[in-house]
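Two complexes follow with chain A in common, the first pairing it with chain B and the second with chain C.
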Partner chain A sequence: MNSLCLQRLQEERKKWRKDHPFGFWAKPTKKEDGSMNLQKWEAGIPGREGTIWKDAVYPITIEYPDDYPSKPPKVKFPAGFYHPNIYPSGTVCLSILNEDQDWKPAITMKQILLGVQDLLTSPNPDSPAQEPAWRAYAKNVQEYEKKVLEQARRYTK
Partner chain B sequence: MTRNIYMDDNDVYEFQAEDDDGDDDDDDDEFSIEFYNHKDNDSVIFQNDIFCEDELDQQVPLRHKGIMSKIVDCKYKEYGDEDKGILEDDLPIIEYSCLTAGNIYSLMLNRASKLQPVFNIPISDVIVLLQKYNWCEERMLEAYTDDAKAVLDSAGILIGENSELFSRLKTRDGFVCPICCESSETMKTFSLECGHEYCLTCYQHYISDKLNVGNIIKCMNCELALKNDDIDIIMGEGSSTKLMLSSIKGFIQKHSQYYKWCPFTDCKYVIHVKNTMSLTQLNRKYLSPYVICDNKHQFCFNCSLEVHAPCDCIVASFWVRKAQEESENLNWMLQNTKECPKCNVNIEKNGGCNHMTCRSCSYEFCWLCEGDWSTHKGSYYQCILYDEKKQNKKGDDEKKIKLHKYSYYYKLFNVHESSAQLDMKLGLTVEQKVKSLQDNLGISWIEGQFIPEAIEKIVNGRTVLKWSFAVAYYSDHSHNMYKILEQNQMELSKAVEELSELLEIKDPKQIMDRKLDFYNMSDYVEKRSNALVECGRELLIKGICIPRDS
Partner chain C sequence: MGSNGIERLVGNERYSKMQGMKVLLVGAGGIGCELLKNLILMGFGEIHVVDLDTIDMSNLNRQFLFRQRDIRKAKATTAVRAVEYFSNSKLVAHQGNIMDSEVFPLSWFKQFNILFNALDNLSARRYVNKMSQFLNVPLLESGTAGFDGHIQPIIPGKTECFDCTAKETPKTFPICTIRSTPSQLVHCVVWAKNFLFQQLFGGGEQEMPSQEDMGTNDPSEIERINQETDELYQLHEWVQYGDETKVYDIIKKLFVHDIEKLLMIENLWRTRRKPVPLGNVQPYSEDINNDHHAMWSLQDNINKFAQSTKILMKRLKSEKSLEFDKDDQDMLEFVASAANTRAHIFNIQMKTVFDIKQIAGNIIPAIVTTNAIIAGLSSLVSLRVLNLLDIISNGPTNIPMAFTAKASNMSSHRYLVAPLLAPPNPKCPVCSHYQRTVITLNQESWQSMKLGDLIKKIRDRYGFSEEMSVMDMTSNRLLADFDFDDLYSQTLQGLRLNIGTILAVSDSISKEDDTVRKPIEFYLELDNLVNEIDFPALPLVRVIQEDETENPEEPKVDDGEPIFVDNGAILIEDEETRAEVDKQRKRAYSNVENASITKRPKVDEADAAIILLD
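Let's look at the complex of A and B:
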């Protein structure tokens, strides 16, 4: 593993432990031998209060590539997650996570998680990543809200 | 429509059709740079009909070597339609120049320094702006006059009074770089006016990744652009040129109707065609725009193939595709990729939705119907324009016969291709041959030049012969013209073989004795080549040769 990547991730961890937004959690996964795998994290994103996403914490995984921070990490929800900008595989389609778009090496984990939380409540209808949620969001708001609320129940705090 | 005839210093006529028909080169001036300096006061305007005089024919300069347009008295006339005449009245001349990406960049720099007073911002900022607008001044000026502040903001340009005084490079003690989290007593850091400061190593990592892409490089945290000077400070003198050349490459790719890379391996030249009207005109006459780069590589500007007369680009592309069809790679590509409808780059879809954005030319299209994506707004998942492709299965026997016919012509094509390659190899040793004539018989260099000339003719002849089999393959064999084509092929191939025999002679004395034969034979090969080209073209014009997939 690249030392630059590791050093930065250790710092990211330190920063996160010192200060992170309310309701969020994040921790590195464990390797088979029990040691910490800083390149793969698990985290929870709370739905924003006052929206249909509230009262639930949505689980994600963050995978950092070897050439992080030159390249962005990959953020995934569980496969089949219901949201217009999330691929059927669970991969998040977000400009700040796209190397060719807005990714910048200075973006921190905190910024990523807040960005994803923001994406939950305000989807981008111009860059659809899955059909059911996109269609409902664009054409049938009632069905969309129903599905989101159903999903929120599955991930209640 | 009027045509201007310019006369430049070399007494060369160049024709330029005025674009008043709203043709496809509407956007011609969008980014054009003046590579030709005509003396405008010398220009004379003729009406179209005066133009078709015979005397002009003879003076038309043949930028592309005569294979197709210089038709001298030849046997073919006996068969042909006398009235129609084989000589073309007004063959359009392709106006082009051979450049390198570096040339284009210096021209752009020139433009930038001319534009600088308009914008009243430092020249390095003008370059960033040009880069953002893909080196298209018109679009840039338009956007700038619309909303200068928005343009500058989006390009990441800060107009500040103290921007010149700002010290970008620092040596700091105890600074922890937020990217790599390292610190040392003598850490070199860099920051733009925004104050986002990072260590030099991180900046170098960040930039080296992006130099090959060609987009504007921005601060690692915000939208402020790094200028060429900044890049040179961080990466070392001259690094910004690399970024600029990458950007120019992008520009060339996006304007492939005017600019083409020479397709020959490792050739760095770019051909810029100025009057794209001539391309369509040639096309209508079943001719192809052949251009030659400064490395003497000759290719077709339309399809980037070698000289493929008598085929036009369509027949040639059908043939080439057919020739490659057997290969595994192509099969895989056909199954798994589609060509970008705009720039023909092969694209593999390995995930995601049907909204495709071509990496090469940034064209957005729908994977299903290959139509423009902008027509799909509102129905992202159901392409209404998509029609099930009809599957036509053919009997096995029919297939076999077709394959047999194809392999017959393909073998002939291949034989001439490899022979041409051997002749070209021979051409490489020809200098030695001439030298041996000089040494042994005291012949002057200029007198020995008939040998390289013969080589050139024979290679041309073989190329024509080779491609004529593609025409033959797609032609209606029952038609009388096809018989004439075959006759022409036979004549040329006889001539080529005879010349080839002459070139085999090793004894210097014998070569000189047969010098006249060399001249006669080379001349004859050239005439036969021209005749075959014209004959093949006739088949195309008359619709006897129709390329189709089978």
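Let's look at the complex of A and C:
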């Protein structure tokens, strides 16, 4: 029972309701008894217009640990998601989600989701998380784009 | 005999007051055993001891109320039995979890004049702190970690509560560091324990995608994903169905091929030293080094890795999946040899199995002397908290907390630093954020009242808006808010809002004046003498909703001027101590026996040496 974590998550929910970027959605998951679990959210991230990621909304889950906001949440795409910085399990490797790097307790859900949207179109070649997408991104752009477009089709809006 | 000493110290009148007092001791472990003895010798009238644990062999070196014959017996009852013969206090032992509100409801806590925490975990500490806040009963918090220890008296409403300062929790490491770029031995240990061991022997759920969350139904895509995750499965398959000959393949894969793959990612190594894949190494099954205190050579580690992998493969066949246990020799040796081999590859200094056990098990040795000193301070300071001493001005913030200093290099001049207590942190998520009260229902309304009705009653009674939200803090679930009323028609019983449930009710910002009704925490009690439902009155407080995400204040820097206080003492700032205290408190303690206190957002107490002017 960490009061700070739950208070902050209620804040996040209010903030998101007041103001969230166009095309995104986010909601807490429900527990079996019908109550809401503020420590686990589902969200959708639209691919940016004018990029190979466009016309799709990519599903993620956001899990907030009990130590949030001292510790960052864990963001996951579906397992096997094709992107150089996403682990085979779907876990996102992003500096603002890393306690040792750029995570700050003040970072909001909106900033996280925008950060992940940005990561989709601008992968970081210095932190590879999966081989196929990383290799293709570095060595075979055509193959990379083909796979990304295929994936976008599966998550069409 | 000890009683006489205390009697002289506090005077007859107060001593007889003490004999009428009831105290609660939570925890009968390292600090608890010492503290129980102290409390008895001080002469408190009635002492209740709560502990849910049983005695383990490893407790015997410091928990002196226990003997070998007591192993596996309940700590609370055994401790009480051990001290009964010299006790004039009434002693009551409870084997149970202090957070179990059916056994220990708030109404039970009410009987005590003071609570003593001698706990080993953060959640129970937080819980007792909250009970102390609900009841306005003082709490003496204490903890040790190795040579370090602390006590903190908590007087609700007057001094900082346990949660007024952020508690640092064990560090987690980013997955990227663990999997690709370790730079410390601890990264290799985490890799070996949480990733490799889990992958090979633990069922590997952590990183294995299941069919449902593939996020696609396209068969060719599923095939691709499977191919990609095959490598993860492969190792698991090898140990599950393979024979001993696979061990060499495992070594090759982990320590040669995987490293070669990492090396191909050139960007990773532009600013880092490149790892060196193992050369042509063969594990030998003779000349195995079994000395856990010796520094093993690379060959020793590889031999041990092969040996322990084989043993664990065999065990896996009968045990299905294994869970890491630092006290299981095969598992420990597996993790240690894998971590050391990986460390060698990444040019990191290897360590002995004994050292790695401490890292893998998050062990800081518990030291009996520290426990005894801390228990002594805890009981001594309780006299001041209970206002039993005739000394210098006894305002709550004139009572000291205490930290050990010398052993942890906090100060080279003295062993203890005793900063005075600070008033409650206005931003504290526990003591400052809420008003608190108890809602009492009778059985019938508990069974029939709907959540929606309860919400309406609370709203009307305490002045919340239509946008109020209700959070069940006991089971971390949101029951209702501005956008969620699905559960309104369910009964309290149906929602399992049992005795002891803590509900946090808060409001959204109102459009008119940016203030909200101050949030309230309610503790649910059941009492059939109550007519339907009872809500005690609370003052209506409106607060300005602060932006929680604004940057916290920068630590205030004191100028080191002497501070004069009214009792003829001069407090002299000790610069060296000041910086160190803060650093010291940031050490991660929380998963360590009895440990706790850490980070303070502000440096605001007089952390000082006291020189009395005669």
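Points worth noting:
Basically, the second predicted complex is superposed on the first by the 157 of 157 C-alpha atoms of A that agree within 3 Å, B and C clash if a C-alpha of one lies under 4 Å from a C-alpha of the other, contacts with A are read in each partner's own complex, and residues count from 1 in each chain.
The working rule: contacts are C-beta pairs under 8 Å (C-beta built on N, C-alpha and C of every residue); 3 or more make two chains touch, one makes a residue touch a chain.
This one's a predicted model, so the numbers in the text were calculated from it and none came from an experiment.
By the touch criterion defined above, A:142 reaches neither chain B nor chain C. When both complexes are overlaid on chain A, the residue A:35 reaches chain C alone and has no touch with chain B. In the superposition on chain A, A:78 makes contact with chain C only, not with chain B.
Contact with chain C, but none with chain B, is seen for A:101 once the two complexes are overlaid on the shared chain.
By the touch criterion defined above, A:13 lies against chain C but remains apart from chain B after alignment on the C-alpha atoms of chain A.
One of chain B and chain C touches more residues of chain A, and that partner is C.
When the two complexes are overlaid on their common chain A, residue A:90 makes contact with chain C while staying clear of chain B. Of the residues of chain A, those at positions 4, 7-8, 10-11, 70, 87, 89, 105-106, 127-129, 131, 134 touch chain B in one of the two structures and chain C in the other. Within the complex, the chain B residues that touch chain A are 178-182, 196, 198, 202, 205-206, 209, 218-221, 351-353, 355, 378, 380-381. Interface residues of chain A facing chain B in the complex, by the touch rule stated above, are 4, 7-8, 10-11, 69-70, 87, 89, 104-106, 127-129, 131, 134-135, 138. Taken in their complex, chain A has these residues touching chain C: 1-4, 6-8, 10-11, 13-14, 17, 28, 31, 33-39, 59, 65, 67, 70-71, 77-81, 87-91, 93, 98-101, 105-108, 125-132, 134, 150, 154-155. Residues 123, 126-127, 130, 163, 166, 168-169, 171-177, 179-180, 206-210, 213-216, 218, 221, 224-225, 228-229, 232, 261, 265, 267-268, 429-430, 433, 469, 471-474, 476-479, 481-484, 486-487, 490, 495-496, 502, 504, 506, 508-509, 548-552 of chain C are the ones that touch chain A when the two sit in their complex.
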